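Notes follow the structure.
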Amino acid sequence: MFFSSDNAGPVHPQIMERIVADNAGHQMPYGNDTIMPEVRDRLREIFEAPEAAVYLVATGTAANVLALACYTQPWQTIFCSKVAHVQMDECNAPEFYTGAAKLTLIETDSKMDPSKLEAAIKGQKPGNVHGAQPGPVSITQVTERGSVYSLEELRALTAVAKAHDLPVHMDGARFANALVALDCTPAEMTWKSGVDVVSFGGTKNGCMGVEAVIFFDPAKAWEFELRRKRGAHLFSKHRYLSSQMAGYLANDLWLTMARRANDNAARLADGLRKAGATFLHEPQANMIFASWPRAVHRKLHEAGARYYLSGGTLDGPDAEPIGARLVCDWSVQAEDVDAFLSHF
Amino acid sequence: MFFSSDNAGPVHPQIMERIVADNAGHQMPYGNDTIMPEVRDRLREIFEAPEAAVYLVATGTAANVLALACYTQPWQTIFCSKVAHVQMDECNAPEFYTGAAKLTLIETDSKMDPSKLEAAIKGQKPGNVHGAQPGPVSITQVTERGSVYSLEELRALTAVAKAHDLPVHMDGARFANALVALDCTPAEMTWKSGVDVVSFGGTKNGCMGVEAVIFFDPAKAWEFELRRKRGAHLFSKHRYLSSQMAGYLANDLWLTMARRANDNAARLADGLRKAGATFLHEPQANMIFASWPRAVHRKLHEAGARYYLSGGTLDGPDAEPIGARLVCDWSVQAEDVDAFLSHF
Amino acid sequence: MFFSSDNAGPVHPQIMERIVADNAGHQMPYGNDTIMPEVRDRLREIFEAPEAAVYLVATGTAANVLALACYTQPWQTIFCSKVAHVQMDECNAPEFYTGAAKLTLIETDSKMDPSKLEAAIKGQKPGNVHGAQPGPVSITQVTERGSVYSLEELRALTAVAKAHDLPVHMDGARFANALVALDCTPAEMTWKSGVDVVSFGGTKNGCMGVEAVIFFDPAKAWEFELRRKRGAHLFSKHRYLSSQMAGYLANDLWLTMARRANDNAARLADGLRKAGATFLHEPQANMIFASWPRAVHRKLHEAGARYYLSGGTLDGPDAEPIGARLVCDWSVQAEDVDAFLSHF
Amino acid sequence: MFFSSDNAGPVHPQIMERIVADNAGHQMPYGNDTIMPEVRDRLREIFEAPEAAVYLVATGTAANVLALACYTQPWQTIFCSKVAHVQMDECNAPEFYTGAAKLTLIETDSKMDPSKLEAAIKGQKPGNVHGAQPGPVSITQVTERGSVYSLEELRALTAVAKAHDLPVHMDGARFANALVALDCTPAEMTWKSGVDVVSFGGTKNGCMGVEAVIFFDPAKAWEFELRRKRGAHLFSKHRYLSSQMAGYLANDLWLTMARRANDNAARLADGLRKAGATFLHEPQANMIFASWPRAVHRKLHEAGARYYLSGGTLDGPDAEPIGARLVCDWSVQAEDVDAFLSHF
C-alpha cells in the first residue's frame, strides 16, 4: 500500500533488462554512445518532429531548469502556477540556472487560467526597464494537483503566451499519464498546441532516472549542450541514460505503464468516492487529492499504508476530515488498491 | 583495445547485480532509501571518519563543484593546476556553482609545486578589496596527467593552504587508483594529510554514474544538501545511487578494480618502454602519456585501437613521434594490452 | 508644479556648496578620503550606534540589494510586500545580487500585515530541502504607497521575523520623511525596533546620488566591502559621496528638507480633500495616492503639471475618477501646491 | 607632490560649474533629462558614429563589466592581459556580471602579443563542450603599465579576434591620455581599428564619477539598459552624470586635461631619466613605472610625496633600487613635478 509518490517505485523489468544488455563492452562517453541515435530517432518519430533536438538528463528538475534557461534572460520572469514544481519543489534551481530570473505566480490551486496569465503578463509592463521583463510560460501537465489540461485549455494558455511573443515550456514529469488521460498524440499535446520545449519524464513512470528534453526548434541545441555540461548534468557513461530511455519507449512500455497507473488511480478514486471521501479535484491521471475522516487515516497508517497527509496530522478528533495525496506508480497493483480501500 | 577513457568501460557485474537486487518494491526517495545508511556507515569506516557527512551525486563534475561551492565565496579564487579538470573540462561549472568565483591557475603540466602555490596565494593579496580573495586549494589525485602525489607531496601542498587558512578539496575521480598506487589508507590520503572534502569517484572505476562527496567536517552538511537540490542533483530514485556505491564498496571491489586497472597500465607502460616510447611522466596509476612514431599510431588505428592523440594527427611523416593518452579501466584485460603492444 | 517624483528635484544648495568646498586638492580614493570618518561618526551618533558599520553607495537599488545580499543565501527567499521597490522596480537586481534567491510576496497594497508575513514564512517550510528556505524580511519605510509604519506596526513585523530567526532589512529610500512623520528617533525606527540593516536614503531627499547602508552588527562589514566592489559600486572618487552625505547631515538639513516635503504634501492632501478627491490611503509622508475626475486631470496637464496617472489615461469620460501619484520633494514650494490646487 | 593615482585628483572647475548650472529646477530621472541627448549627440560626433548607442555609468568597473556582459555568454571566457584591470582590480565583477564566465589571461607585463592571443583562443578549442568557449577580447588602452598600443598593434590584436569571430572591448579608463599620445581620432582608435564597444573614461581625467559606454552596433542597446538597471547602476538623478560628461566634452576640455597630464608625466620621466632611474617601459601617457635607489624614496616620502612602491619597502639598504608607480592627473602642475625631481 505504497501511494506516497511515483518516484518511490521500482524500475520496470523491461528497462532493467535493457540496461543489463547494454552493459557489455566499451561505449564512447558523453552522449556519443551507439544507443542515443536510436533514442533520438524514436522520440522524433513519437513526436512527429523530425527536426527536434533531443537530450537526456537524469533528474526532472534538471530537465525543467535547463530547458527554461535556454528561453529565459536573467532580467525576465517566468510565468507559472503558484503550485508549480518549479516554484515549490526545486529550491531556487530555476533562479539559479536562469542567472537569477524571477518567477511570477499565477493564483490557482490546480490549473492556470488564461485570463489570469494574461493579466500577469500585462502587469509586468514589457519595455519598462524598472521591472522584470516577461519571459516564458511554464505549464505542468499532469498538474501538481493531479488535474490534466485539455487540449483546448492548453491552447488557450499558449495563445496568450504567443500573443505576447513568449515561449512555452511544458513540465511533463508525468507526460505519459497526461497523454493517456487525454487519449491524444504527443504532437497534439505539445507543438501542435504551441509548446516549444518539453521535459518528457521517464523517472516517475518506471525508469531509474532519465528525462528527455525535446526542443521542437533545434536552434537551441548547442546552447542546451553547453548549459547541460556547465550544470554538471552531462553524463560520462551516458549509455545508461540512453539505455533506460530506449527500454522505456520499446513496445510502448511507457504508455502501458502510464495506463496502468491511471487505471489504478481511477479504481482507487472510485472506491474512495463510494466510501464518502471528498475530492479537491476530479482525479484525471495517477494522483488523487482527497479527504476523509481522521479515524480512517489512523487505521490505514496502522496497516502500513504510505501516503502524505495535508492540512492536519493523525492527532485530533476522529471525525474531522483530513486531506491526503495518493499517487499510483506503474507497479501498484489492483490488490494494493483494494487492500487500501478495505480499511474504509 | 579500448584505451580512450575509463569512462567508456562497462559497469562491473557485482554492481549491476546489486542494482538489480535493490530494484524490488518501493523505497522512499531523495536519499531516504534504506541503502544509504549502509553506504554512509561503510564510507565513514573506510575513511576512519565517524562524523563525516557523506553524500552521493551522479557525475564527477557535480561532486567537484558542489564540494568547492561549500568552501568558496563568490569573491574568492580557487587555486588549482593549469591542467585541472575543474579548469579544463567543466565548461565553467565551478564558476557557475560558486556564484562566479575565479580560478587561479598554477603553472604545471602535472603536479602543483608548493612554492608556486604559495606565490599564487600571496599574489592575491588577501585583504585588498580590489582583487579576488584567496579561496580553496583543489588538488586532483590521480592528476589529469597520470601522476600521483605522494603523501609527502600532498602534505606540502596542504601545509601551504593551511598556513593561509584555506580549505583543501581533493578531486578524487580516480581516488582508488591513487590509493592503490600509494598503498596507503584513505584517511592518510585525505584528512590525515589536510584534505577537508573529497570527491570520491565511482563512475570511472566500474560504476554506472555515482560519486561520493565526503566532508570530514560535517558543519557543511545542510549547505551541501541545499546546494545539491538547487543544482538539480538530488536524485528522486536515490536508491540507485546508493545501490551502486554499496556494490562498489562490497568485498573491496573498488580496490580490486583499481588494482587491475593500474596493473594493466603498468604492463602497457612496460611494453611501450621496451618498444622505445618516451613518457611525459612516469605512469603511476591507470593513465599513460607517451609518444612514439606516427607509423605505429597508424597501424594501431587500422587495427581498431581507440585512444586520444595529442600534439599531432595521423597525417605526416612516418617517423615523427606523436603523443598518446592511454587509459585502462577495470575491464581492460592483459590480452588487450598485449594485442596493443603487438603492433609495435 | 512638478510632482512626478522626489528623484526629479535638484540638489540642495547646502550640499552643492559642500561638494564644491571638498573639491580642492587630492584625496585618497575608495573611501579613504578624509571626509568619510566624519560621515561615519555622525551617522553612528544619529543612530546611537557606536559600533555600526557605515558605507556609502550612489543608488537606492545598490543600497538595498547589497544590504540584502549580506543576509541572504542563494537558496533562500526574501519576504517583502507585493508592491515593494525590490520586487517592482529593481529589474531582478535582488535576485542578481543574492546569487539567485527568490522573493516571496506578501499580499497588500500598502503595508505588510504581520499575520500574512507569519503565514508566508511558515509556508516556506524551513528545513524542507525542496523549497526555498526562509531569508530576510524587507520592510519599506515610507512604503511605496505613501503610508508609514508606526513603531508598533514595525515591531509587530520584526517580532515575526525574530521568532523565525530571520534578519530584517529596512528600505529607507524615504527614511527622513518617515522619521519626521513618526516624530521618533532614528534608533527607535531601526535597531530598537528590530531592524538589522537599513538603506538610509539621501538621493530622493535633496542629494545628488548617495545612500548610506548601516549595519547595526558590524560583523557584515568586510563582506559588504567585497560585495560593493564586486558589484562595481565602490567609487574611486569616493570623496564626492562622503561630501554629499556630510552636507546632507549638517545642521539637520536632512530633517528640514523632509519636513518641508511632508508639509507640502499635507497641504496638497488637504486641498485635494476639500476638492473632493478620494485617497487610496491617508497620506502620511510626502507621497499621495488620490483620484479625482478626469476633466481636472486634463486641466492640470494642460497647465503643465507633472505627475503619474494610474488606472486610466486622459482619454475618456470627463467625470470618471482617475488615480494619481503625487510626490513632493524638498524643493516644492507652497506656491506650487496652491497653483496645482487652483485647477480644481 | 601627489602621484599615487589619477583618481585622487579633483574635478575640473569647468565640469563643477556645469553641474552647478544644471542643478536648477526639476529634471526627469533615469536618463530622461534634457542634457543626455546633447551628450549622446556630441559623443556620436566625436566618434564619427551616428548610430552608436551611448550610455553613462558612474564607475569604470561598471562600464567595463556591463559592456563585456553584453558580449559574453556564461559558458565563455574573456581574453585579456594578465595585468588587466578586469582581472586584477575588479574583485570578480566580470565573472559576476557575465553570469560566471571565465577570464583567460595572456602572459605579458604590459601589452598583449597577437600571437599569444591567437594561441590562447585556439587553446580553448571552440566547439568542444567540455571547456569554456571563446568569448570577447578585452584591450586596455592606456594599458595598466602605462604603455599605449599603436594603431598597428591594436589592429593586429583585433584582427586575431575577428578571425575567430570574437567581439572586442576596449577598457578606455584613460582613453583621452591614449588618444593624445597617439595623436589620432577616436574613431581610428576604436571602430576603425575593430573595437566593438568602448568604456570611455571620464572619472580619472577630471570628472567626479562618470564613464560612457559606447556600442558602435546599437543592437545591444536594450540589453545594456536592462543590465545597467539590474546591476543597480541606473542613476535616478541621471542629470548629474549627463552634466559631468557635457562639461567634460565642452571646448575639448577632455583633451586639454589629458594633454597636460601626459606632458607632466613626460617632464617627470625626463627628469627621472636624467637622475638615473630605470624604466619598466618607456612611459607613453600619464603613468610611469620606474625604479631608483631606496634612499631617494625615503627622502621623497619624508618630503610628503605620495605614490605606490613596488617590489620593496622603505626598509633596506640605501642603494638598492625600488620600483615606483607615478601617475599624473590633470591637476598636477609642472612645479609639483620639479619639486619631486629636486629630491634626486
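To keep things simple, chains are lettered A, B, C and D as they appear, and every chain counts its residues starting from 1.
The rule is short, and it goes like this: a residue touches a chain if its C-beta (ideal position, glycine included) is under 8 Å from a C-beta of that chain, and two chains touch if they have at least 3 such contacts.
Here the structure is a predicted model, which means the values were calculated and not measured.
If you compare C-D with A-C, the chain pair joined by more contacting C-beta pairs is C-D.
Looking for a copy of the B-C interface in A-B, A-D or B-D, one arrives at A-D, which has over half of the same contact pairs by residue number. Centre to centre, using the average C-alpha position, chain C and chain D are separated by 34 Å. The mean-CA centres of chain A and chain C are about 42 angstrom from one another, to the nearest whole unit. Those residues of chain A in touch with two or more other chains are numbered 74-75, 90-92, 96, 99, 129-130, 226, 229-230, 234. Interface residues of chain B facing chain A in the complex, by the touch rule stated above, are 2, 4-5, 7-11, 16, 19-20, 23-29, 58-62, 65-66, 90-93, 96-97, 203-204, 208-209, 226, 229-237, 240, 306, 331. Residues 30, 73-75, 99, 129-130, 133, 225-227, 229-230, 234 of chain C are the ones that touch chain B when the two sit in their complex. On chain C, the positions that touch chain A within their shared complex are 74-77, 88-92, 95-96, 98-103, 129-132.
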